[in-house]
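Each of the two complexes below includes chain A, the first together with chain B, the second together with chain C.
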Partner chain A sequence: MSKMITEQNLRLLIDTLVKEGARVVGPRQAGAMTLYEPLTKGDDLVLDQLPRRSAKEAFFPVCETILSFERKEGKTTVQDVDVCTVPETVLIGARPCDAAAPGILDAVFSWDYKDEFFLERRRRTTIIGLACTKADDACFCTAVGLSPAEMKGADLFLTPLEGGGYACEAPTEKGERLMARHPQLFDDAGNAKPLPLAEPAVEKLDLQKIKAWLDGNFESPLWYGIADRCAGCGACAFLCPACHCFDINDEGTADKGERRKHWDACGFGKFTNHASGHNPRDIQNKRYRNRIMHKFKYYDDKFGQTLCTGCGRCIRHCPVGIDIYAVIEEINKMGARDQGPGTGKD
Partner chain B sequence: MNSTAQKLETSTPIDTSCYADVTDAIRKEAARILADGTVTAVVGYKAGRRAGTTMPAIVTDPAEAGGLIFSPACVNNLALYLTKAKKDVVKKGRIAIVAKGCDMRALAGLMGESQIKREEIFIIGVVCAGVKGSGAVNSEPLTTGNLARKCRECTVRTPEGADLVAGTMPSLPELTPVEALEMARLEAMTPAERWAFWKEQFSRCVRCMACRQVCPFCYCEQCLCDKNRPQAVESTPRPAGNMAWHIVRAMHLAGRCAGCAECERVCPMEIPLNLLNRKMALEMKELYGFEAGLAPQEKGPLSSYKEDDDQSFIK
Partner chain C sequence: MCDHGKNIYMPHLATIEAMHDETSDIRSFRLVFQDEQVRENFTFRAGQFAEYSAFGAGESTFCIASSPTRKGYIECCFRSVGRVTDALRSLEVGDTVGVRGPYGNSFPIEEFYGKNLVFVAGGIALPPLRTVIWNCLDLRDKFGDITIVYGARSEADLVYKHELKEWEERSDVNLVKTVDPGGNGPTWDGKVGFVPTILEEAAPAAANTIALVCGPPIMIKFTLPVLEKLGFADEAIYTTLENRMKCGLGKCGRCNVGNVYVCKDGPVFTAKQVKAMPQEF
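The block that comes next holds the complex of A and B.
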């Protein structure tokens, strides 16, 4: 029997989870926007807009301490952060573009080095996804293989119903367990129809064709036109659900301090600056090329996935109007013209 | 929409007929000066893929001048592209730039700081009835409700000192200030309240540096805030470093910031950075009778010394 949850019970579920001691993270009002933040009660949840920053920070915080050090009387002690203190978490209200991203990132965070900070949070987090009923002119999930009804990454998936409430599906055991622990909050689904879902106004793109073009066009005049205007900030990367580059800095004094891991962005001029002073990505065009290559080629080469979920945040908030959908749409067209790799310049 | 005050106000449409004339004039002039070799490039705006959006464009071919536009979505201060931070963009020759009145002040400031020479640029000044503020819907027309905060108090709708000025200003509905009220509200706070206000604002900062990257005056090749040996300002997005960064930014721009408010516009976390700029501008005016960007001036008050400078702060 399929299940549903009423709006009221969804809020009650949050209250219950908070009382049980879980960390519940979901979209919450922060000024004019919403952000994924810890919720203290069900009524904190605001689901009518896509949060400004993605849900990745539930696993990969903006900044976190990874060790601390102290020097006393000539002796230095180093204290690791115990990842076992990561709380059980329920991430609630993640749209498909946000819910799909952490699963894509598992590959890189468990590759040559196991990033316990990320992975432990992944293990201890249950994701409650939400089908999307509202797209704006920057949304393009359907262009990159997702959709407003996509359950990928969600442990429990909610679809808004006509007349209120949500149809519930549990694609994973984690989701089933969550429902089983709170049976009183879930009702048998009636005949209510799902609300019409969002329809992003974009073409579906051929990601393999895009990748094939990228394979053969590291040197293309395209790169030298696109990013002239790029200001070199990190707004795109920091709002992105899939960008995952970080820097590590020791901060404090010589006697006491912390080692901190914090978001970094390939758009920054110093991102690839070598200690020698040489910078292989010495101009903005090369940095922007890396952004596209990483998302649509390198990540695919290494892990067989695309590093973009089409949330549109980078389009909405780029200070200089750079539009990643327009870029890959253009590449998609050129890929179709070239009929394969290796036909571009170089 | 970036403030409750704006939300509450009934929106009146703004006459945007001048934008089409301005667009025409920009296209004609850009085609002419590119074709006759007056300039090698024109920095202007072109339409984005999404209806109602625009983006900065660097046009070098007269045949492409027809793609240039001017609309209420032309929010960027293009002076950024003339600074050494963007020296790769146009490598040689005289450059033309489309400049609104507010952008002209940045150009004047950059000339004063010897970053650009007047004879090396060609200024296509444009009259401007205002641009859209943060949160405005792309498809909506310009109204008193979605106008950028800075435009509500604009005094330079028709630029001065340009090589030509495109368009004629329409008459505008009466505009009430929003930012000035917010300034007054902050001024009325106790220092502890103000500290709490900014602490809360800066807590959202993720250090994407968009505020720095779009600022025409943040052209330092080595930003103090990027240094890590020794580290002057914590570069991690945490309370201490965030507060320090925003104070350093405001102080370094005091007497230089020309008030374009680009830092605030681009902040993805909606931190009202222009309030800091305005506070600095106010101090400069009170202490030195100086306003940045009114005229190219070799040295601003904070980089020059005079016998009669106010020294009352030395105790």
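The block that comes next holds the complex of A and C.
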């Protein structure tokens, strides 16, 4: 029998988890914005707003200490960070575009060298996804192979029901365990019907065609034009659930300090600047090309996945109105012209 | 129960055992690992790099400039041009630095056995070839002729000057040193001219020969056509890409040329591989 949870019990679940000592992260009101932030009680959860930033901070903090150092009487020592202190976390209310992203990032954080700061948070986090009932003009998950009902990445997935409450599906053991630990909060779903889900106003794009065009068009007039007005502010990368570039910096002095990982962005001019002053990506167009290439070609070349979940945040909040969907839609059209009609498959 | 792996960002601690001012702003360090086990077990191959840290300032990426045949220490060489390198420069013998590595691929030296070698280097790009030069000189009978063409803007800008002298005096090394026009002082006994020009003059035979080229992008750009003219195939030319890096581990996202992560797939590439990449380096 399929299960459901009432909104009241969902909030009770948060209260219970918080009492058990878990860190519960979900959309909540933070000043004028809705953000994925730690919840202190069930009533904090905001269910009807897409958070301004993605949920990646739950796994990949904006700034994170990776070691500390100290010098005493001329002797330097380095102290490791114990990632075992990462709290058990439940990420609740993650939209499909946000729930799908951490699993995509597993590849880069675990190939060969394993970044345990990311991976231990992944192991210790249960993701409760939430289907979307509304989309705005910037949403384009359906264009890149996801959807408002996509469960990818979710351990437990909630679909809003007509008459209130949420249908619950547990695609993973983690999700099943969470339900099994709190059986009193879940009811039989009966015949309750799901609410109609959001329908982003975009076309489904052929990601293979886009990649094939990118394979052959590192040099293209397209790159000179689309990013002319890019201010290089990095907002797109910081809001993106899948952008994962970072910098490593020391804070403090040689006598006492910390080494930290910080979010970084390929849109910044200094990102690739050599010590000599030579810069391989010396103009904004090249940096924007790298952004598109990384998401729709390089990451696929390396790891067989697209580094974009169609959340639309980079469109919604770009201060100069650059629209990544419009760019890949154009590439899709050019790809179709070059390669003829598609197979109808993804 | 927490069964996570090691912190991949943790450096080894090393003591500066010796330092040398190569030029007015380039300094080399000899570093000895403080932990006895690390000192005994640290191995690397010529061409690999490391992340060196001045605690409190951060990390910088340089090659390991010493040869893997010389045990017990590693050497690096850097120009003071920013926060980290200035901080490294402010350290003294006996001070502690951090070293993460070795990272990246390496020169396939075993494949060069039985061949002649031509090293072509410019300015501060000698260190990534110096590791190979000493590696090969320490196994001298495994190679044919060894030619080194090395140049810099001026006499003062040549690094490892004492070793240039040593190579010059060896009968089993053909050293051709040069400075750019105007860079020669009254006692200069080398060539005067840009590295690609001097290489063309020296005209090493391409038959059964491997060329190893490191230098600023502009030098490489003009050296590759010379090697081609001399008859070198792209597969017989090796170089290193010196992209900006932070993690050195294939994660932080800045060293890529197209889908090639220089920190993991490189830094050593053949000219054939470099030509197949998007020309963005």
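Following the convention adopted for this analysis, the second predicted complex is superposed on the first by the 339 of 346 C-alpha atoms of A that agree within 3 Å, B and C clash if a C-alpha of one lies under 4 Å from a C-alpha of the other, contacts with A are read in each partner's own complex, and residues count from 1 in each chain.
As a convention for this text, a residue touches a chain if its C-beta (ideal position, glycine included) is under 8 Å from a C-beta of that chain, and two chains touch if they have at least 3 such contacts.
Given the structure is predicted, the values throughout are model-derived calculations rather than measurements.
After overlaying the two complexes on the shared chain, residue contacts for A:249 are found with chain B and with chain C alike.
Shared-chain residue A:62: touches chain B; no touch with chain C.
In the superposition on chain A, A:302 contacts chain C only, with no contact to chain B. In the superposition on chain A, A:46 makes contact with neither chain B nor chain C. Considering which of chain B and chain C touches more of chain A, the answer is C. Touch criterion met: A:32 reaches chain B, while chain C stays clear of it. Within the superposed three-chain model, A:293 lies in touch with chain C and out of touch with chain B [touch as defined at top]. In the superposed pair of complexes, A:283 makes contact with chain B only, with no contact to chain C.
Applying the stated touch rule to the two superposed structures, the overlap between the chain B and chain C interfaces on chain A comprises residues 247, 249. Across the complex, chain A is touched by residues 1-2, 48-51, 53-58, 76, 80-81, 85, 88-89, 135, 138-139, 204, 206-210, 212-214, 226, 228, 231, 234-238, 241, 262, 265-266, 268-270 of chain B. Residues 30-33, 35, 52-53, 62-63, 137-138, 228-229, 231-235, 237-239, 247, 249, 251, 260, 262-263, 265, 268, 270, 283-285, 315, 317, 319-323, 325-326 of chain A are the ones touching chain B in the complex.
Residues of chain A that touch chain C in their complex: 66-67, 69, 71, 75-78, 80-81, 83-84, 108-109, 111-117, 119-120, 123, 218, 244-250, 252-255, 257, 259, 261, 264, 266, 271-276, 278, 280-281, 286, 290, 293-294, 297-298, 301-302. Residues 2, 4-11, 13, 53-60, 79, 81-82, 85, 87, 96, 98, 216-217, 242-244, 246-247, 249-259, 261, 264, 278, 280-281 of chain C touch chain A in their complex.
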